[in-house]
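We call the chains A, B, C, D, E and F, going by the order they appear; numbering starts again at 1 in every chain.
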Amino acid sequence: MLGTGILRGMVETAKNFAGSYHDPERLTTVEYPEQRIAPKENARQFPFLVHDTEDPMKGLRCVACQICEKECPPQCIYIVKSKDKRADYKGQMQLYPVTFDIDLSVCMSCQICVEVCPFESIKMDTEFELSNTDRFGGLLVNKHQLAKSNEHYRKIHPTEAAVSDAALAVEVAKAQAKAKADVEAKAKAAAEAKAKAEAAAAAGPVGAVAPAPAPKPSSPAAATAAAPAA
Amino acid sequence: MSTDTEAPVDGTQFMTFHDLAYDAGKTDFQRKAQPVGQGREGELLEVAMGPQHPSTHGVFRMDVVLDGETVVKLKPVFGYLHRNHEKIAENTSYLGSMPYTDRLDYFCSLTNNWAYALSVEKLAGLQVPERAEYIRLITAELTRVLNHTCLAGFLLQDMGALGTPLMYAFREREKILDLIESLTGARMMCNYMRFGGCRCDLPAGWLDAAKKVVAEYPKFLDEFETLLSGNEILMARTQGVGKLSAELAVNAGITGPMLRASGVDYDLRKVDNYGIYSRYPFRVPLGDHGDVYDRYMIRMLEMRESLKILEPALKDIPEGPVVDPKAKLRGFRPKPGEAYGRIETPKGELGFYLISDGSPNPYRYRVRPPSLINLTILEDMCLGQTIADAVITLGSVDIVLGEVDR
Amino acid sequence: MTPLSGYLLVSALLFCIGLAGALTRRNAIMVLLGIELMLNAANLNFIAFWRFSENPETMTGLTFALFSIAIAAAEAAVGLALIITIYRHFRTANVDKVEDMKG
Amino acid sequence: MPLETLEQILARAGAAVPGAQLSVVKNDSPCAQHSLLVDVGHAYAVAQFLRDDPQLRLDYCSNVTGVDFLDAELSEKVKVKKVVDGVEKEVEEVKKTKRAGYLEAVYHLYSMSLKHGPVILRQRTPGRADPVKVTSLTPLWRSCEFQEREVFDLYGVLFDGHPDLRRILMWDGFKDYPMRKDYVEPNDYEYEPTPHDEVLAKAKAHQAAEVKA
Amino acid sequence: MTLPFAIIAGLTVGSAIAAMSLRNMVHCALSLVLTFAGLAGLYLQLNAEFVGFTQILVYVGAVSILIVFAILLTRSTEPKDEPATVTPWVGISVAVAAFLTMALAVLASPIGKRLAAPASEVSVKTLGQKLMTDYVLPLEVMALLLTAAMLGAVIIAMKDKEGSR
Amino acid sequence: MAELFAKLDALPVTLKHLLMGLLPGATPEWLVSVVSAVLTITPILAVFPLMFALTTVIERKGLGRIQNRIGPNRVGIPLTDIRLWGFGQFIADGIKSLIKEDVVPRAADKVVHFLAPIALLIPVLLTYSVLPFGKNMVPLDLPQTGLLFFFAVGASTELSVFMAGWSSRNKYSLLGAMRAIAQMVSYEIPLILSSLTVVMMAGTLSLTSIVEHQAGTHFGFLHNWHLFTPWGFVGFCLFLTAAAAEANRTPFDLPEAESEIIAGYFTEYSGFKFAIFFLAEYLGLFAMCGLGITLFLGGWLPPVNIAPFTWVPSWCWFLGKLSALIVLFIWLRGTLPRLRTDQLMGFAWKFLLPMTLINLVVAALWHMSGGAVHIGIRWVVGFAMLAIPYWLLGRGFEASVGKRVYRFAN
C-alpha cells in the first residue's frame, strides 16, 4: 500500500523525538563549554616534554638527541643542542636542548616522536583546547610551554606512566650498578695496571668510556603491551 | 563460484559472472561521445557543480551540461586537495608515511593503515602476531561499519532528507569512534598499525565495551531500515538510477560495494584471504541491478555481515604480543625489491605499491585509491539522468576527496 | 464617478498601444504580446459596456469577457508553442527572418 | 585455479604476439612479485592477449603507476675468478655500469572471473627526455583512464591512444611533472609565517612574472 | 473621473507603453503583467469581481508565465545590436490614427457620458447558472477549444524535441 | 461564565470598535475607512510574522529533537544568564539579517532583483485578507469571490519567483525558478480541484459562509467539519499534499533543493532580502494551512459542540489548528527525502489529478444522496470509491519500484 513506508518512517521519527527527552541513548549531545567528557586515557593531542625536578628547565629528560626531529613526519620539531653537558636523571652527563620548538600549526598529533624517543622524555598531552589568537607567534610552542612534570604525565596517562617509570627505574638501577661496577672495574684495572704495566695496552680501558644508554625498544607500544603483565 | 540465490529477483534472470561470455574483446567500454542536440547549444545550460557546492562531498567539481534537468555531459574535476602524498612519502621514512595514510580516506584510517602495513610487510617479509591480526580484523570491520553508516546518512542527505538519517548515523558512529579513540588515542587520525603488528595493546575493558557496541548495533540498523529502506520516496528516487552493468564495472576497475551492487562477486577478504578472514564465515551480498538502491542496500547488508564477523572475533581474540619483536621502529630498511599489497577497505580495493632501493625511504610509493577509480564511470552512470540523480549517484559512489586527490 | 467614456478611452489607448507593438516589433513573441494587449483592451470594453448597460442582470458582457479570457489563454499557449517550434527550426524568433515557411 | 608462472605466460604471450619483446623483471623482495616487461610497440597486443586469453582472463587492471629511474651508475658486486698468486680465487669486484634513466608504466593485472593475480606488466620508455611515449591500455581497461592521466600528469609520460589525456590533479597551467625524481620544488608557495599583505605582494609579483613568461 | 480610476488607468497605460517599447523582452513581459493587473483593477472598479480575479488567475498566473518561458527558450541567438523594431514610424502612425478615430467616436457619442447605475450584487451563482443554461453551447465549444489548444501546444512543442534526440 | 468567554472571543472585534469610537465625529469618511483598514491589518501584520519567527525556532528545535539533537537553546536575554530555551534566537537572526551586507551580483538585473522579494511578499500578505480568523473576524469579506481571490493572488507569486530567479543571472537560480514555477503551476490544479469539492458542497465561494456551513452537528456534539466525511478527509489530504508543494515544503522542496541547486531562486539573495523570501515562504505556508483549516477543519469552530470547547475563543481554535498543521509539516520535514523533478510532475498529474477528480465525483454523489440514503451506506460507498482508486494508483507505483531481495555469495 502506497504510503505505508512513509508512515512507518514518521512513527520512527516520532519515537526519536519522544526518546530525545527521556532516553540518554538518544540524546548524546554534550553541551560543550559547560559539560565536558573526560578525555580518554589513550588520547593524544600535542606533545609535551617531561621533567622530573621542581625546576622544569633543569629536569627535562630530553637530551637533544634529535631523533624525534628527524622522525617527525611533517617535521614540525626544531631542536638546538646545548654546547655543554649536564647530569641527567641517572647522573650521566648529557646534552640538553637549548631550543625545543614545536610548530602547533603543522603538528598532526601522530605520536611518532613519542614512539621513537629512547629517553621517555616526550609524551602526548590530552589537552585539546589549543586554539590561539596569535596566528604566527602563538602557534610556535617553545620548551618552556612544552615542559610538564612527570606528575602531570602520571595523572593523564596512569597506565603508560607506570610502565615508563618502571622502565626508568630499571635504567637508573642499571646505571647505578654499572657505575658501581665501573668504579670497581676501574679500581681493579688500576690495580692490574699497576701490577702489569707492560700489558696495559692489551687489557684496554674497559670502563674509560661511559657506554651510551642503549636505545630502548620499549616504546609506548611495547610499554602498554607489557602493562597488563606488569 | 557458488552463489546461493535466496529468492528469485523480479523474475529476471541475472547474468552470473561466468555468463559474461567474455565478449570484453568485442564490447567497447569506452565512453561514447554524447550526441548533444545539434544547434541546440543555446538551450543547454553548463553548470559547474562545486567545489563549493553543498552536495559534492568535499572540494570536488562536476562540470555538468544540462538540457533542462537532464545531464548530457559530465566531467569530474578534482585535484583541489592534491598535496602529492606520494612525493611526500618518498621523502619520508617508511614509518613516517603511516600517519599520512590516515589522511587518505579520513573515515577509514584504520583500514588505510592496514593496507600500508600489509604492503610493507610483504616488502620486508614480516610476520604479524596472532593477537595483532585479531585486533586488525576487529578494527577494520568496525571501520567498515562506521564508514557504511556514515555513507548511508550522507546519501540520504543528498536526497534531501534534511539531516535526520545523517544525525542517526552520526549518533551511532560516535559509539564506534569512542571505541577507536580509547584504543588508538585519536578519533579519526588513528595512526595505529605498525609494520608487523599494532602500536599498542587493547586497553583494559575495551573488549567488553566493543562487545556491547556490536551487540547493540543491529537495533540501530533495524531502526534505520524502518525509517528509510521501505520509504516510497527513497525507492522511487534510487531504484533504476545510476545503473552500472557488471561488465563495465569490471572493466573500469570498480571495487568495493559498488562492484558487488552490480552483481560481481569479488571481495578481497574472500579472494586474497589476507589477515584471518578465512576463519570467519561471512557472506558477500550481491546486487542485481547495480543502481543506487542496490549500492545503499549492499552497504546495509555488509554492515550486518561485518557484525557477524565481529561478534565471534571479539570472543576468540587470544593473548600475546601485538607486534612482531623483529620489526624495527627506527632504521627500518627493507631489502631492494617491490611489493603490491591490497586490502578491501569500505570503499573498495586500496592498494599500496612500494619499491624499495634499500634506503630508509621508499623509492616509489604509490597509492591505488578506490575512490578515484570508482569515479571513472561517473559520467557513464549519470548521462541521461537528471541533475538530482547525478547528485545521488555521486553520493552512492562514496568518494572521499582526501583519497581521490591525495 | 467615472463616465463610460473614460473606460472606453483607456481601452482604445491600450488597443492602439498593442497595435503599435504588434506592427513594429520584430520579435514574434512581442507581436503576440501586442495581440494579447489588444484582446485585453476589447475585454475592458465588454466589461465597461456591461456595467453601464441598461440591464446588467443579463450578464452578457461578463460572460463574453470570460470566454474571451479563455480564448486568449488558448491563443497564447498555441501561439507560443508555435513560436518555440519556429525558433527551433530557424534559430530565430524574428518575424522578418522567418520567410521560408515551407519548413 | 593457480596462476601459471610468469615464464609460462611469457612463452604463450610471445607465441601469440609475434615480434613482441618480452622479458621477466625479477623482484627480490619476499613476496616475489615478478613482472613482465614488454616493449612499447607490442604492449597493446600483449595486454589484449592477457585480457582475453581464456586461461588468464586478466579482466581487471587494478593499478597503473609510473616509476622514474634517473640516469645512474650501477655498482654491482661481481664475483670474478681470478688467479691471484697462482691460486684461483673468487674475488669480489665492483663492476660499474652506466644506465640511462627511463620511465616505467606499471600495470597490476588481476582476474575477477578466475580470481587470480597479479600479473605485473611494465612498459619502459627509452629515455627520460621529451617524447616519453608508451602505449595506452585504456582502450582495453577503462580503469586505466584516470590512472594513466595521473601518470601523465605527475610523470609526463605520454600515453598513445588515450582518449582524454589531460592533467588530472595539477591545474592545467602547470608546467613541470612533480613526481619525477629530479623535480625541484619552486619556492613560490607556503609563505608562512608572513603577514597577509606580504603574501599578497609576493603572489602579485609571482603572477606578474608568470604573465611575462 | 475619480482618483482611483486615474491612478489605475495611468498605471495600466504606462505599463502597456513600457511593455511595447522596452528593449529587454523579460522586462516587456513583466510590464505586461502590470498591465494585466491594472486591467483587473479596472474590472474591480466596474464591480466585475469574478472576471477581475479570473483575469489575475489566468493572465498573471498562467499566460505571463508562458510568455516568460517562451522568451527564455528563444533567447540568446538574437544579435544584441539589431534594432528591436521595424519601420517604427509607420506602425506608430497607424496606431495613432486608429486611436484618434476611436477617441473622436467615443467623445462624440452620447453614450460615453453615461454614468453607471448603482451597483447591483453580481452573484457568481447566477453567472454559473447562466453559463450552464443560456451559454451552454459556447461553454462546451470553449471546453473543446481549450482541450484542443492544450493538446496542440503540447504536440507542437514536443515534436521537434523528439526529432532531435 | 460562558458570557465571559464569549466576550473574550469577541475581544479583537470589540477592541477595534472601541478604537474606532475614539475618532472624532467630524472625521471624513475616507479617513475612517483608512483607520479601520489599519486597525484590521495591524494585528495580522503583528501576529503572523511573529508566528513565523517563533516557527523558525520551533522548527529548528523540533527538527533537532527528531534528529536527537538539542537544537537552538542558547540565545535568550543578552547580558544575563536567562536563556528562554533559545527563543531569543529569532531576534538575533532578525538583527543579523538586517545588518548583513546586501550583496547584489554585478551582472544582476538590479531593478527586478530588488523588486522580486517585495513582489513575493505582497500577494502572500494579501491572501490573508480573506481568511476568517475567528467569529466575525475576516478582514475583507468577499461574499462572492473569497476563494477565487485567494487563488488568484496566490498564483501571482509564481511571477515573483521567476523574477528572483531570472534577475540573479545565476544558473542555479534560473533552474530553481523553473522548477518552482513548473511545480506551482502543476500543483495549483489539484489544489483548486480539491477545494472545489467544498465549494460544491457549501455552494459558495465565500470563506465565511464555508465555515458557517460546517457549523451543524453530527450526533448532537460532533461538528459538521468537512473532514469528517470520506470526500472531505481525502480532499483534505490531497489539499495538504498540494499545499506542501505550493509552499515548497519537504518532500516537495525541489526549488530550493540544497544538494542539487544550492538554494534555488534565492541563491543570490542575502541579508534582508533573503529574510523577506524566508518570511514570504512561511507566510505562504501559513496561509495555505489557514485555507485548509477554513475549508476542511471547520475554520474557527471547535471540533465538538460541548461546553469547555465552545468557551475557547474562536481565534484560538484557528491558531491552534494552524499550529497543529505547522507541527505536521515540521514532522514531515524531519522524516522524508525529497522527490525528483519528473516524479514530482508525475505525482501531480498521474496521482493527485485523478484522485481529486474522483473525489469531486464522490462529493457530488454524497451531496445528491444526502437525506435519501442512510449515512452508513453513504460512508461505506464513498470510502470504497476513494480507497479503490488509491489502491490501484498505488499498485501502479509499486509495480515499478519496491523492496528487493538480495542474494549472497559464500
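What we mean here is this: contacts are C-beta pairs under 8 Å (C-beta built on N, C-alpha and C of every residue); 3 or more make two chains touch, one makes a residue touch a chain.
As the structure is a prediction and not an experimental result, all values here were calculated from the model.
Enquirer: By the touch criterion stated at the start, how many steps lie between chain A and chain B on the shortest route?
Expert: Minimum number of steps from chain A to chain B: 1.
Enquirer: In terms of CA centres, which chain lies closest to the overall middle?
Expert: Ranked by how close its C-alpha centre lies to the overall one, first comes B.
Enquirer: Averaging only over C-alpha atoms, locate the centres of chain C and chain F and give their separation in whole Å.
Expert: Comparing mean C-alpha positions, chain F is 35 Å from chain C.
Enquirer: Which integer distance in Å separates the CA centroid of chain D from that of chain E?
Expert: Computed from C-alpha means, the inter-chain centre distance equals 72 Å.
Enquirer: When the C-alpha atoms of chain A and chain F are each averaged to a single point, how far apart are the two points in Å?
Expert: Once rounded, the distance between the two centres reads 63 Å.
Enquirer: Of all residues in chain A, which are in touch with two or more distinct other chains?
Expert: Counting only residues that touch two or more other chains, chain A contributes 2-3, 6, 9, 12-13, 16, 26, 28.
Enquirer: For chain F, which residues are shared contacts with two or more other chains?
Expert: 66-69, 174, 334-336, 397
Enquirer: Please list all residues of chain B that touch 2 or more other chains.
Expert: 40, 164, 168, 171, 227-228, 230-235
Enquirer: Considering the complex alone, what residue numbers of chain F touch chain B?
Expert: Per the touch definition, chain F meets chain B at residues 63, 66-69, 171-172, 174-175, 179, 250-251, 253-254, 257-262, 333-343, 397, 400-410.
Enquirer: In their shared complex, at which residues does chain B touch chain F?
Expert: 1-7, 9-10, 45-47, 53-55, 66, 69, 156-164, 167-168, 171, 227-237, 239-240, 265, 267, 270, 281, 283-289, 293-294, 297-298, 301, 386-389, 391
Enquirer: Which residues of chain F touch chain A in the complex?
Expert: 62, 65-70, 331-332, 334-336, 390-391, 393-394, 397-398
Enquirer: If you look only at chain A, which of its residues touch chain B in the complex?
Expert: Chain A residues touching chain B: 2-6, 8-9, 11-13, 16, 26, 28, 40-44, 67, 71-73, 108-112, 115-116, 124, 159, 215, 217, 219-225, 227-228.
Enquirer: Within the complex, which stretch of chain D touches chain B?
Expert: For chain D paired with chain B, touching residues are 27-31, 33, 48, 51-52, 54, 57, 59-63, 65, 67-68, 106, 108, 112-113, 115, 118, 120, 138-139, 141-147, 150, 154, 163, 167-171, 178-179, 183.
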